[in-house]
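What follows is chain A paired twice: with chain B in the first complex and chain C in the second.
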Partner chain A sequence: MTALLELKNLKTHFQRRKTTIPAVDGVDLVINKGETVALVGESGSGKSITSLSIMRLIPSPPGKIVDGEILFNGNDLVKLSDNEMCKIRGNDISMIFQEPMTSLNPVLTIGEQIIEVLMYHQKMSKNAARQKAVEMLELVGFSRAKALIDDYPHRLSGGMRQRVMIAIAMSCNPKLLIADEPTTALDVTIQAQILDLMKELSKKYDTSILLITHDLGVVSEIADRVVVMYCGQVVEEASVDDLFEEPLHPYTNGLMGSIPSLDGDVDRLYSIAGTVPPPEHFPVGCRFAPRCPHAFDRCRNEAPALQRKGSRSVRCFLHDDKEATV
Partner chain B sequence: MVSYIIRRTLMAIPLLLGITILSFAIIKAAPGGPVSMLMDPSMKPSDREKFEEKYGLNEPVHIQYFKWLGNMAQGDFGNSLIKRGVPVSELIMNRLPNTLLLMLVSTILAAIVAIPFGIYSAMRPYTKIDYTVTVGSFLGVATPNFWFGLMLIMVLSVNLGWFPTGGVSTLNAPFSLWDRIHHLILPAFVLATADMAALTRYTRSSMLDVLKQDYIRTAMSKGFMEKKVVLKHGLRNGMIPIITLFGLMLPSFIGGAAITEKIFAWPGIGSLFIDSAFQRDYPVIMALTVVSAILVVVGNLLADIMYAIFDPRIEY
Partner chain C sequence: MSQSNVEITQEDLQLNPNLKDKPDTLTRIFFQKFMMNKLAVIGAVVLFIIILSAVFAPIISPYSFEQMNLIDKLKPPSSDYWLGTDRYGRDIFTRLLFGGQVSLLVGFGSVLGALIIGVSVGALAGYYGGIIDAILMRFVDIVISIPSFFLLITIVTIFDPSVGNLILIFALTSWTSTARLVRGEFLTLRSREFVLASKTIGTKSYKIIFSHILPNAMGPIIVSATLLVGSVILAEAALSYFGLGISPPTATWGNMLQDAQNYTVMKTAPWYPFFPGLLILLTVLSFNFIGDGLRDALDPKAIE
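Our next item is the complex of A and B:
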């Protein structure tokens, strides 16, 4: 497998007056061709900022990629000019968002919102783009695509709008689709349909997916590999099977405990004590130490590094080679 | 769409009738009257009665109202009391083109300056340029037209002699386009500044709101340059409230210009209104009141219709 996207020590910081907010603080991450990688972690851990950094869509000011590389097919996106980046966005890398209800432009027809991408990136004629837009809408499951194309988005339900978003995102055959919590705002049954659609399309077009989610249930269903983020860093990375069989990091363990069981046992939903510290107050030492049941002295003074463990990696002293006693 | 327009128009009729009753009543209630204006101390009471009889002022109020309404419906607003024998409709029609010209030019001027500034301010909020635009537009809003107009006349016309002090054209000179434009520049500019300032603020806040929306982020994620995103995806949404605003501004096209017209001796509807009010020229005042009221209703109607045209989410 070859890497399609490789983040190396990515740091995206925000500047608020004199404080620096290290929202993403040294993320390493690899997505291979055709692979679906899930990015999980609690709210505020920096998942969205990581994905927006890849798209180079960080609001600036106040945000800025201050360090690291984003290698896409070997090219560092951080170094591209705005013009060059525009040719990649929506074409090679596209993105869908959490809020399908507000992500489509209310005053443009559904067709126009697909056609404009095709005409812009693929240099298609208006007619060809229209033809292709109908095909895309059929592909994402609309049976009356021809009529829909001249409609405005406001009559569609959330699930249908997310299908339109997928049609837009997939229209240029992107190599990477970033989906930031694409199903969080949807009903459970619709969630499953949207995930199935994404899985099907990624197989068909050999598109890699970076799926951001809170929901480990979703992860086990469609991801090949999982990257767990905490406080702007990756704390664990493993194949889905390995991770679910044996989570190494205490944080991952805690997250596993938060999968709601089938009988809807809500008590176990928040099994990690405490909350994510805000980026301006990350603890020194291991950032998880204040909440970690296994924390020991070293954890509070020294920051663990992300270490490889066979086919997976973890950032925890419990799995540090030097920590033989534990 | 057509049925929506017809429905909205029919709904406006009772409103218009109400407005005519109200304006009639207000004028009737105002102190003084046309007769006291025209009387001179040497007139005998019998002259006064004759006079009232001639103009129908001795009839019961409701009869006066219906007569007036009936005539008006036929485009007959009566004759001016001051300029004896001149039909009010003629007075208005003589002046309307001047007002329309002034309004059209100043509104276009305001829009072509204000909208780009407002958009740019919203794209780069809280930067030096935004602050400059903001301060500029507050100054524009806060400066009274009459003061600004007088200052311009004093400096540019009287002291420097660059512009005529007033009027639509040089008296007794043959028609010349440049002469007309020359006369138009100052009053149009004064009128435009106020609108310009308000319009910049509206555009800025509307666009600021729009540019925060998720669909703007979607458009950015498609790879379009910021300019295209703002102009194609942002502007169409941001302009909806602004376009509506133009409909609501329509009635101010008559009253709003009155003082400026007066200062620049611009023979338009606004200065006619002021003159007639001072002279208690009842038929003219009533006609103008009703015409502006109709414009308010039409302006609202236009605003609604434009809203429906520009915003596909409106159901009609």
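Our next item is the complex of A and C:
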């Protein structure tokens, strides 16, 4: 497998008056061709900012990619001009969002919104683009695509709109699809349909997916590999099977414990104590230390590094070779 | 198999007979809502008649607008002169029609100009925000703080008040409200998710501004433009009334009124000032009613 996208020590910081907020603080991430990688973490852990950094769509100012590389097929996206970036967005990397209800332009027909992408990136004629748009709508499961193409978005339900978003995103056969919580706003049966659709399309076109979510159920359903983020850093990275079998980082452990389970006599659902610290008050040592049930002195004074453990990696002193005796 | 004798008709197959095959288009919904506002419909009809008669003035009117007939001066309305004659024996009806051409041309022309400037400035300021917004909006503040009517009078006395010049001057003094309105719309729309979504498919900024955000802001823009046409017509009439507008013999409603400002005329021929005044009133009122109707019809939150 070759790497399609590689983030190296990506740092995206926000400037608020005099303080710097390290929303993404040294993220390393690899996505191989055809692979589905899930990015999980609580709200505020920097998942969405990571994905927007890849698209180079950080609101700037105040946001800025201050360090690191985003290698896409070997090209560093950070160094590209805005014009070159426009050619990549939608064509090589596209994105779908959490809120299908508001992600479509209410005053343009569905057809116009798909046709626009095709005409811009694939330089198609209007008729050819329309033809292709109908095909794309059929591909995402609309049986009456021909009639639908001239409809306005308000005529569609949330699940249907998310399908349209996927049709738009996939219309130029992108190599990478970034899905920012694509199923959060949908009900469970529709969630499953959308996930199946994404899985099917990624197989068919060999598209890699970066799935951002905080729903571990979704992760187990679709992902090949999982990257867990906390406070702008990667704390654990493993294959889905490994991670669900044996989470190494206490934070991942906590996340797993917070999933409601159908069997077992649990009265109260487990939750990780405390909240994510605001970025301007990150602790000196391990950022998870104040909430960690296993934290010891070293955790509070020294920041752990991401260490490889066979096929996976983890950022925790509990799995540090030096602490092996603990 | 026991059910095979039950005949299934076409109606049974239809899920819901009330469900329409073709959706209501936005234009149709808009039209239905507009028709419910009676004043706006009346305004539209009146305005339509006024515009038509101004456009077809040379065909409708029996005389030329500068044809004098000194024997028939200040004649009351009759079958020869439907609305009477003025001090030089010119047919008032004819002059009103031709005056309408000028008034409407100035009204629409300058609002078109004001829209082009106002929408561009407002869109840039609202979309980019930050320093660009600050600079453009302070410029707008400066333009607003200039008393426009006195500026108008000054400019008109310096330059020759032709139709073209008037349009230019009105456009340059009345674009600020549009700019503020458009900026406000853009400020809220630019942070909407569909804008981010269209950025992720590589759409260029100018395309996002003009083909994605602008159509969403069209409602308020149309309403304010309609109201602006009325106020420009009024301002043009006022300017002509002061003798600073388009000069005779070209007829405008304003300079007809001014021509009638004379004690003898007022006393002996009250119809002379009455009809141009009435037309100004009707036109501006129509524009305002239509503006209100459009506001209701274009507002998606208005109760149906």
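Going forward, the second predicted complex is superposed on the first by the 317 of 326 C-alpha atoms of A that agree within 3 Å, B and C clash if a C-alpha of one lies under 4 Å from a C-alpha of the other, contacts with A are read in each partner's own complex, and residues count from 1 in each chain.
In this text, a contact is a pair of C-beta atoms (placed from the backbone, for glycine too) under 8 Å apart; a residue touches a chain by one contact, two chains touch by 3 or more.
Everything numeric here is computed off the predicted structure, so don't read it as measured data.
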Based on the shared chain A superposition, would you classify chain B and chain C as clashing or fitting together? clash
Looking at A:Met165 after the superposition, I want to know if it touches chain B, chain C, both of them or none. Which is it: first, second, both, neither? both
Mind working out whether A:Glu99 is in touch with chain B, chain C, both or neither, as first, second, both or neither? both
Contacts for A:Lys87 in the overlay, against chain B (first) and chain C (second): which applies, first, second, both or neither? both
Contacts for A:Leu211 in the overlay, against chain B (first) and chain C (second): which applies, first, second, both or neither? neither
I'd like to know which partner A:Leu108 touches here: chain B for first, chain C for second, both or neither. both
Between chain B (first) and chain C (second), which does A:Leu177 come into contact with in this model arrangement: first, second, both, or neither? neither
Contacts of A:Leu156 with chain B and chain C, given as first, second, both or neither: neither
Quick check on the superposed pair: does A:Met229 touch chain B, chain C, both, or neither? Answer first, second, both or neither. neither
Which residues of chain A are in contact with chain B in one complex and with chain C in the other? 55, 57, 85-91, 94-95, 97, 99, 102-108, 116-117, 120-121, 152, 165, 168
Report the residues of chain A in contact with chain B in the complex, numbered from low to high. 55, 57, 82-83, 85-91, 94-95, 97, 99, 102-108, 116-117, 120-121, 152, 154, 165, 168
For chain A, which residues are in contact with chain C within the complex? 55, 57, 61, 85-91, 94-95, 97, 99, 102-108, 113, 116-117, 120-121, 151-152, 155, 165, 168-169
Partner chain A, residues of chain C touching it in the complex: 23, 26, 130, 192-194, 196-204, 211-212, 215-216, 218
Touching residues (chain side chain B, partner chain A) in the complex: 213-215, 217-225, 232-233, 236-237, 240, 310-313
